[in-house]
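Paired with subunit B in one complex and with subunit C in the other, subunit A is shared by the two complexes that follow.
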Partner chain A sequence: MVESIVLSGVAIGCIYALIGIAYNVMFSASRVFSFTAGTLGMLGGILGSLFILRMGMPIWFGFILALAGGALLGVVTEIVAVRPVLKSLDQHLYVLSTLALALIVQQYTAIEWSTEPQPFPRIFDVARGGFDQQLWLPMVACAITIVGLEVLYRHTLLGHAFLAIAEDNYAARALGLPERNLRMASYALAGAIGALAGFAGGQMLLAFFANAPLLTFYGFVPVALGGMGNNRGAVVAGLILGLFQQAANFLVGGIFASVAVFTVFIIVLLARPDGLAGASVGRRV
Partner chain B sequence: MTEMSAAQSRPARASLLGSHAFVAALPFLVLLIVGLTLPLFAGGYWGVIATRACVYWVLVTGLNLMVGFAGQLAIGWVALLTLGAYTTSALAAGNVLPPLHPYLALAVAGAVGAVFGLIVGLPALRLRTFYFAITTLGFATIVTQIALAWASVTGGGVGVPGPIFPPPFDSQWGFYYFCFGLAAICTWMTANIAASRFGRALTAVRDAEVAAEASGISKPALLVTVFLFSGAVAAIAGGLFASLQSYITPDAFTIDLSVLFFIGVLIGGRGSILGPLLGTILLTVLPEFAAPLVAWSTFLYAVLLLVIVLAIPGGIADLLDFKNRRPLESNRAVIPRPDLLARLLGRDRDPGALTLEGVALSFGGVRAIDGLDLEIRPGQVHGLIGPNGSGKTTTLNVISGYYAPQRGTARLNGTELPALVRHTRARHRIARTFQTPRLVGEASVLENVMIGGTIDGNGTFVESLLSLPRHRRDEAKLRETAMLALATVGLESLAAVRADRLQHSELRFVEIARALMLRPAFLLLDEPAAGLSAEEIRRLGALLVAIAQTGTGVLLVEHHADLIFDICHHVTVLNLGKMLAAGTPAEIRSHREVVNAYLGG
Partner chain C sequence: MSMTRRQALKSAGAATIAGCLAKPAIAANDPILIGYLPALTGPSSSTGIGINRGVQMAVQEINAAGGVGGRQIELISRDTQSDPTKAVNGAAELTKGHKVNVVVGPINSGEAIPVVPLLARANVPQLHPCWVDQLADAKKYPLCFRNGPTNQQIGGAANRYVVEVLKKKKVAVISDTTGYGTASVNAYVPMLKTMGAEVVYQSNVDAANPDLKPEILRMQAAGAEAIMPWSVNAGFLSRIINTRGQLAWDVPICGQTTLGSGQTKALLDKPEYWNKVYPNNFRPVCYGANGNLPDRTKAFVDRLRSAKIDMSDTLLWWIAVGYDTPHLIAQAIKNVGAEPEKIVGYWNKLKDFPGVYGDISFTPDEHNGYPDKQIVMVEANSLKEGAFNLAPGYGAA
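What follows is the complex of A and B.
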């Protein structure tokens, strides 16, 4: 029993962590959180189901197309909902523009796809055991993403450019970095990561439009608790969240588990507004 | 001569203000008449739609104060509607206690809503915008889930019947008039708040938080009041909603509904009552004309939200704001009238001296101020000069409480001024201006100046809500003082203009007028001459000297050496956070190190 709680907790935690990383990648590039993060996850699941089950594409091809779809939504987010409001950051219009875009995509999906959860294909044709692919796929996806991002940020020129933009936007532009293109690339990357979360968690969460608001909320918890822009923090906090949620699920039942998660989240956040590991930044007058 | 023309123009201005008030009230009157006579020309189905619009509007009045005025993006405010609906229904049906009378149940729901409005809203005081938006969204989800799970009270997925109000409000039109009456009262109350020092303080917290604090506005106290009010009206709207639906289940309270309320406010425009009212009516009625598109309604709302945010962030209110589209006179000059200062400030102030003792403050490894002593005496202009990064503004920020020094204290007449409680400085009559003017762009110049006098009002929030005599006396007094302050700095003719239409130099004088509203014992000015023409600097200097003559101590941080040497009684020169020299302008002018460093031999 404990074993299954831990396994499913880690698996769902990995999905939350991946959505959190998608939030972070967008945040690093633009200092903006986007409500479309959860929508990306929802889209990953639905596109996977659409391409592979409904349209009968090969699994690897459907997978790549699903990621491409996520990347596309990432770029659209940047162009439509982020870029136009970046110059007036203090008005927080991005909260509303990204919310609007997230709702547009979510509602369109609900109408054109289905308002009921649809099945998601099994990726590997192996027999069901205790440690099923629906549990280990999210873990593998999360591990690959973390390692991939580390390699990207540390060892590639593009990664260094991403870091430069995240560190000091103006200085990076002064150095001649194509800031806008790098931001779009970041959003595309975040889109692919978000879609990967939805695809890897497809068998657990199914292809369901209402996953969007759910993932938007639960994916933000790791960001808030792990510290803004901190990917490792997001993974740790995501795993804690997943374990806590599954344990609460088992102990007090689904609905009160959500209440418990929400309550703990608010209390921790109020006590540490900059996350468990974060340090506050002074304000300039 | 100027005195005479001012006297002559006064009655004319009064009637102008009167007609403005009438024009502003006209749309509300039209809506009132249409609303009252609706049963005469509209069929029963439209009665339901109109009732729904009224119910929604009751909620949106409160949300408008939260979102439109205070700028708190409470996206999940539908949670309070859910809460109110279930509280009223469960109490009226007797699911918890013996059945309550529907009115009593509605009142209890209002009280419960106020408490939960506070709980949902409080994180806003500590969290960033996006974090707060997410928590309200989470709250909305949780409330629906609890409604689903707590079947003994809420009926779970099966639902619970809504309350039925006793005659004459049990018929369709009777209930409509009940809701319409409440909506009208809520409109009146929030309009009162909007035109009160509380409404102005809310916009100041939204757009110019540091300036709000410097004017003595306590953000937590203000927002808590708004959370209580918004929560209460949202929950009452919930009770009405339950009665209108006649049967409620958890799926009636989707996030779509929350988005609808939110868009209602945004479509209307920030800081307006009429705009969101029209927005709410529009959003309620629109789906009726687009029946085939019902499934697409949320999609269309979202598209609308995106279009508004990107294309017309000012909303309907901005489109209707005709008077601010008339061009302003282009060759206008700011001519201060220091002779009015005696009337504005009085002369009976002797607060003692404002002193800094051994203040040291570093940011990380950088020593911004390193053991600074300073004494600013009433009635004198004290200049603070030095190169960029020498700690001038930091010194100002220590005095006004934005930074807590690691060593040393700021004292007023010997009493220590506690650090980091910025809004208490105004009570000590310490006023300030900012390097970049911090004003509410969408508010008029007059309103911006009135913000400076917020702490001199006596009426409470409830008195303003109900427009009781004390509130009206406060308003009249504040308006009169603000007009006087504007005349003093020479901006009287621009009183009704939106602040964001002014030139930069004019904004600096608006800030001074706002600071003068405090009748300051000490006035701290952060580079007030930056961006001013030579002629304007001369006028500014004369004004500052006159202010000091009334007994105010002026601390002037400036780069314009001429201004400093012309008007200061005492000058302190800073370098790398330390005092390099101090003395009269003549002494400083001949101080070898100072001359070498930056006056240029």
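What follows is the complex of A and C.
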């Protein structure tokens, strides 16, 4: 039982963590929480199934196209739902605009794709076992994303530019950095990461339009618990969430598992409003 | 006789008012308006899409044969999008705007729950196949008739099969958290206990939960000898079947018809996981021991093939219940006319209407028309053109 809790919990936790990272990448570039993050995950699963199973494309090509689809939605999010409301961030209009876009994409997907869950392809043609690919694929995807983002942010000029606009976009612009292009690139990156979460978790979650609200909701928990914009915090909190959710599934089961998860979530936020890894920020008065 | 200007104005006014108030005569060749509330899109649309094929075919056949007493049927359809609010709006539009003679549907219980009282107040006869028990009540809704089974009948058939045919006494009952799922568990668990079975596990689980292994392990630990899932969510049902298969746990799964749908099949890890899965179905649309459909159904399937209506991605009983419904209406109107009270009076005396889906009978006190004996369990893995073999134990009857 413990083995099952750990394997399933870490796998689903990695999917939540990836969605949390997608939230954070968009947040860092714009100070906006884009609620299209779960929709990106949903789209990764559906595009993977569409390209590989329905259209018969090779797996590697379907994978690249699915990530490209996610990146495209990321860019569209920036142009349609984020850029118009950036000047009035304090009014939090982005909540409405990003939720509206997410809803449009979700409903369009339901109409064009299917309202029933559809199968997702087996990525590797190997026999099913205890530690199946549906469990380790999200873990691998999460590990690659963490390492990739570390390399990008620490060792590349582009990554430094991303960090610069995340730190202070006015100063970055004053230094001549193309803030708008960098923001769009960040949203494209977040889109690809979100789609990767859906693709890697496709065998577990299936290609289903209703995964969007599920991932939007559960993907936000690691962000809130891990600290806004903190990727490492999101990964740790995502794993904790996955493990706790699976443990609750095993121990109390049924609908009470969700109740247990959100009870703990609320208690943690009451105790540490800035998240487990977040630090309190002083405010000038 | 001379008439003053005032008298002339009074007469003209009275004539105008009388003209406005007079009920327009229904011409003999005016179309019969059937309001139709299918869910053709949205999360519960797979049933609606199947039923719609039968409804459309029946209306085309009736109209091609000259209509009902020379009057064509006009189907005024409003897609509920699987949304109760849109179903209510559609029902109001059909009754107040189009003033339809009869309403068919809604065809999902969640949409029918608010629509049935609305149509009762509008005094429009209604025919629907929804299963939730309270959706046909001759005293509360005297114009509403059901040509499908009730939840009690469905659960009763499944419970009898598990307890009396398979002889399983320890049962696990699981559902999703929808109104249908929870209502089913609440209704069927006491029935099982009354029949002498022990419900060793009972739970409502979020259908979006990607991992049902904890639930299945808990059933196993409780000593369950059969699993009875109640949900229309193919993803949820396939996860139960897949997890049972991965654990190599050889207990039968008996329950909701969606267990045998093509959508559920498409989500199975291995085709053999569909073995020992027995969903509800209906004897007139099942293959008998000789591998053939009953004659009436066979002739119907031949007509479906001629009309090039696809059966491979749906269930035959969905098409059949859709097909029977306009015929039930047409027969009533042909015999007694299209006035609401006459249609209701005719249906109140209906005895063994020979539908493809089943033999429908109503009485003034009983508007649930589907017979118990025609509700059966089938072998999911025998699905062929939307129909199934009877589950083991039913014999050749």
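Keep in mind that, in the parts below, the second predicted complex is superposed on the first by the 282 of 285 C-alpha atoms of A that agree within 3 Å, B and C clash if a C-alpha of one lies under 4 Å from a C-alpha of the other, contacts with A are read in each partner's own complex, and residues count from 1 in each chain.
As a working rule, a contact is a pair of C-beta atoms (placed from the backbone, for glycine too) under 8 Å apart; a residue touches a chain by one contact, two chains touch by 3 or more.
Predicted model only: the values in this text are computed from it and were never measured.
After overlaying the two complexes on the shared chain, residue contacts for A:I12 are found with subunit C alone; subunit B is out of touch. Shared-chain residue A:G159: touches no atom of subunit B or subunit C.
Look at A:Q246: by the touch rule set out above, it reaches subunit C but stays clear of subunit B. Within the superposed three-chain model, A:A100 lies in touch with subunit B and out of touch with subunit C [touch as defined at top]. In the superposition on chain A, contact is made by A:I255 with both subunit B and subunit C. Using the contact criterion defined above for the overlaid structures, shared-chain residue A:M1 touches subunit C, although it does not reach subunit B.
Measured by the number of subunit A residues touched, the leading partner among subunit B and subunit C is B.
Once the two complexes are overlaid on the shared chain, A:I111 sits against subunit B and subunit C alike.
Legend: residue contacts after superposition of the two complexes on their common chain; A:P119 is shown touching subunit C, with no touch to subunit B.
Touch criterion met: A:M204 reaches subunit C, while subunit B stays clear of it. Within subunit A, the residues touched by subunit B in the first complex and by subunit C in the second are 111, 255, 258.
Contact residues of subunit B toward subunit A in the complex are 71, 73, 75, 123, 126-131, 133-135, 137-139, 141-142, 145-146, 148-149, 210, 255, 259, 262, 266, 295-296, 298-299, 301-303, 305-306, 309-310, 313, 363, 393, 397, 402, 434. Residues of subunit A touching subunit B in their complex: 33, 80-81, 84-85, 91-93, 95-97, 99-101, 103-104, 107-108, 111, 213, 216-217, 220, 224, 255-256, 258-259, 262, 265-266, 269-270, 273, 282-283, 285. Of all residues in subunit C, only 41-46, 82, 177, 203-206, 208-211, 213-215, 217-218, 233-235, 238, 246, 263, 266-267, 269 touch subunit A in the complex they form. Subunit A meets subunit C in the complex at residues 1, 4, 8, 12, 110-111, 115-119, 128, 201, 204-206, 208, 210-211, 214, 246, 249-250, 253-255, 257-258.
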